[in-house]
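Lettered A, B and C in written order, each chain numbered from 1.
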Amino acid sequence: MTGHIFAQQAVNGLVLGSVYGLIAVGYTMVYGIIGMINFAHGEIYMIAAYLTAIFLAGLTLLGLQSPPLAILLVLAATIACTALYGWSVERIAYRPLRHANRLAPLISAIGISLILQNYVRLSQGARTQGIPSILDGGFHLFASGPDAFVRLTHAQLLIVVTAIISMFLLHFFIARTAMGRACRAVQQDRVMASLLGVNTDRVIAIVFVLGAGMAAVAGVLVTLNYGSFDFFIGFVAGIKAFTAAVLGGIGSLPGAMLGGVVLGLAESFFSGFVNTDYKDVFAFSLLVLVLIFKPSGLLGVPEVEKV
Amino acid sequence: MSEAKETLLTGLVALLLFAPLTGVSLEGYGLNSHWQNPFLLAGMAMIGRLLLGRLRGLRLPAGLAEYDWQTRLQRPILAVVVIAALIFPWLVGKYWLNVATLALIYVLLALGLNIVVGLAGLLDLGFVAFYAVGAYFYALGFKYLDLSFWIALPGGALLAGVCGMLLGFPVLRMHGDYLAIVTLGFGEIVRLVLNNWIDFTNGPNGVRAPFPSFFGLDFSRHPMPGKSSFHQFFNLPYSSIHKEIFLFFLLFIVVCGMVYFVRRLRRMPLGRAWEALREDEIACRALGINHVTVKLSAFGIGAMTGGIGGAFFAASQGFVNPTSFTFMESAHILAIVVLGGMGSTAGVIGAAVILTVLPEALRDFAEYRGLLFGCAMVMMMIWRPRGLLRSRRALFRREQRAC
Amino acid sequence: MKKWLAYACTLLALALAARLEAGTIKIGVAGPLSGAQAAFGEQFWRGAEQAARDINAAGGIHGDTLELVKGDDACEPKQAVAVANRLVDHEHVTAVLGHFCSSSTIPAFEVYAEGGILSITPASTNPMVTERGLPTAMRTCGRDDQQGVVGAEFTVKHLKAQRVAVLHDKDTYGQGLADAMKAHLATLGRKEVLYEGLTRGEKDFNALVTKLRSVQADAVYFGGLHSEAGPLVRQMREQGLNAPLISGDGIVSETFLTSAGGPKYVEGVFMTFGADPRKIPTGKAVVEKFRQAGYEPEGYTLYSYATMQSIAAALTATKSRDGVKLANWLKANPVETVMGTKRWNAKGDLQTSDYVMYRWTKEGKYEEVADKP
């Protein structure tokens, strides 16, 4: 096996993993703060993909030609609109269930996921949609022959860089701002935090908004990179990202990113060197094995059982 | 905030939400405009918000909510259900009979999952895996070993049960959501293997499953030479509805048996241990209940029921393929259990029937089926999180009354 | 109880009445009207609707008008069986036009055969559709084995490819196509360098593309549909793999262009498809009618139109509603359709296949490849 193929698979895995990581952040934050699996998170990402295409088409209609400006505007608009979706979902379907039993929010989330999927199917049609490629070109790295090179496209580079930047921004927000401190407080003890004057409902809403925002970033980047999507992509991406979140240790932010990259690399190498058919079987087996031998994930803190 | 102000705010947010996705639709790389849609939807959201504010104070009359009709009317309801089931197949066409059979399969599956989720409190998101094991055992058993339905039914149930226990063994160390995730992963693995192992399972093309025979008599129009078929034996004109009626009654008997079985189980020490473990695991272990065997038995019996349901599904559909065993199917069964009220047998049966028959009856709204289904799940969780019928704990009511 | 019984009896009587109602003949149109392949379902429906309208305007079937009933299978075998049962036992259709995906058509056709209902698919190319000896199963398109032959001949003789990779989407249609390709490649003395499946609904095929690079494929055959073919070809080009992509009739849709990210990615993609029905002179008036209504009759639209014409022709000629009789008549008699004269063999397949190779151009359209290099 030649080196450039290996390196190329590593690049593929890293790009895929960054996307998983960005979506996984939404799962892990929500789980960390209210202990529920937000099944509808994948659909939020799907909505972001559609919004990207719609805003881009709108900008083209308005006559905007410069790709960098278009990408920035689309990113801003998509994040804003997707965040609003995240907020509304929390407000409508999860907030009334704050004190219900543990299964209720999960079922409600599955319901929301069905609603969002069908809502997009009905309003946008079921066919595969796409955007014209606006971010072309890339680099030939380590070129040592006509066929021996590692290809990194501009879109792929953008994905990795944006993922790193947004992780740092998020980390800064959680670690250094007053709102971030409130988030951490609510995560540790919701009742105590509210006794100390933290508006827990608001904090939880912010967490949903942040998670949706990260999913929006992923949605925009993926749409720019792959150029095609349909109303069902949320489900597949959601399950994979969720696997990544659990792999890294659910509740831990760096864990989500690490889990994403590990999963992306694992899929890429397995598909490249073993078999594409069983790629997903391998990914899920990895999940099951990690959970059996290290239930708290790679970076998670083991849960202490209290009486 | 005043009501008017909040309603306006709702409208504004709704407008912002709906504008990009319903106001325009993608057409190639261009856009089609439907500018009136978002305003319509936002208007509906505002009206909904107003109505919701009005309704919030309403509650069911206390007498109705408290009336314990489950106990009082149990026998009459049971009698009505049985009589209705006996008459039903003779009155309707093949189509509705098919729907009813499917409903009974879902009842069976929901009863199985109810043991795991409702009684033992173990959240299983991969229940469909056992369903698939039962269905594929029958189809593949017929293909390779020429197994008949009557062997495949217990065989598939047994295999599914063993699979359930095998999965349960490593998984039981973890609890709550981790368990949910591992079972979800397991469900996906089973489906993917069935899909990818093309040499053995025929992959996405699926496998044929024959119809069960009636004491050795099959239901074909033209039986194999040397054998006689049902209509010839009983001197009836051939009709394809015979086999549907037969399957319906067979399934009905199995479901009744299952209901009885679960009912007895709940009163046995094992059933009580399940419910106790669900409520407080640590206390149970401190009292000396072996949590491993208790949980494993719940997993095994639940999986076994799933396997039986699978064999029936294969027989009624005539063929199985992996698309019938997706996560959405697991979610559907879980939704039945939750909507019916976790742990409540009557509720689960009702929910299974409603959730299977309603979508068929609303065929004209097929486009909106997923949307309505999702809305129903969310609204149920908000207004009746305990399900249509609340599960009652098995109390010694009579003794209490005697006091 | 009595009242209930009376109610049920009324329902039964109503159902019977609906069945015997004179003047309309119900035809089921089954296909993926929703789901990822809805573009093809729309082609079906548009073609069938227009055909029924034209037939009815010309006097119908001895005065009876055709009435279409939709059946949505979303390309899922389970739903297809349910839809088939509904069409047969609930809607009491006389004939069925459908389904699209071979994986749906195969189980659904068994239901129609049992119900004795004529079923013709305009698009399912898997051999199993007609190979099982079902008396009522027919099609108005070619077969995968014919498509694979054309694809393999073209790849080896025209493209002069040495290292051919064969991919599929693990579905009945896609895999059937890939297997046919593989089989004919073998008879031409080529062994494929890679044979693998990708998962429907995924968008990231970068790892697979790198694998294609590592086996140094100089031509890639893909058995599958446009929703996966689009991202696949785009990622191939982005990774600098310029080997030609050859596929079957599953990518005959403008949506392929959309999902690939523009004309520059689809340029040089080849596909097998029946000779362009829009160019057949007999269909000119019909094509004009579609275009006037603002719809370009691409892909399977005219196949669907021709299928409806065949059903109508059989109904008119036999004056029967019996599926086996209708099918036998079609198998014995040629039918004049919008796509020229169609003749069937005893299996229910067309006697002549007219698969030719198409090439997507840099304008994002497809055109027939000139016969010889």
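Brief remarks on what is shown
Keep in mind that, in the parts below, contacts are C-beta pairs under 8 Å (C-beta built on N, C-alpha and C of every residue); 3 or more make two chains touch, one makes a residue touch a chain.
Since this is a predicted model, take the numbers as computed values, not measurements.
Chain B has the Cα centre that lies closest to the mean of all protein Cα atoms in view. Chains A-B form the pair with the most C-beta pairs in contact. Of all the chains, the one whose CA centre sits at the greatest distance from that of chain A is C.
Per-chain Cα centroids separate chain B from chain C by 34 Å. Distance between chain centres (mean CA atoms), chain A to chain C: 37 Å. Chain contacts: chain C has residues 34, 170, 197, 258, 262 touching two or more partner chains. Contacts with at least two other chains are made by residues 121, 125, 129-132, 277, 280 of chain A. In chain B, 29, 196, 367 are the positions where the chain touches two or more neighbouring chains simultaneously. Against chain A, in their complex, chain C makes its touches with residues 34-36, 38-39, 170, 196-199, 201-204, 206-208, 210-211, 213-214, 216, 226-227, 230-231, 234-235, 238-240, 255, 258-262, 264-265.
Taken together, the chain B residues at the contact with chain C in this complex read 28-29, 91-95, 98, 195-196, 198, 203-206, 240, 317-319, 321, 323-324, 363, 366-367. Taken together, the chain C residues at the contact with chain B in this complex read 5, 8, 12, 15, 34, 72, 76-78, 81-82, 85-86, 89-90, 103, 106-107, 110, 114-115, 128, 170-172, 175, 197, 254, 257-258, 262. Note for the complex: chain B touches chain A at residues 13, 16-17, 20-22, 24-26, 29-31, 37, 117, 123, 170-171, 173-174, 176-178, 180-182, 184-186, 188-189, 192-193, 196, 282, 327, 331, 334-335, 338, 342, 367-368, 370-371, 373-378, 380-382, 385. Partner chain C is touched in their complex by these residues of chain A: 1-2, 5, 8-9, 12-13, 15-16, 121, 125-133, 138, 140, 147, 149, 151, 153, 222, 226-230, 232-233, 236, 267-269, 271-272, 275-277, 279-280.
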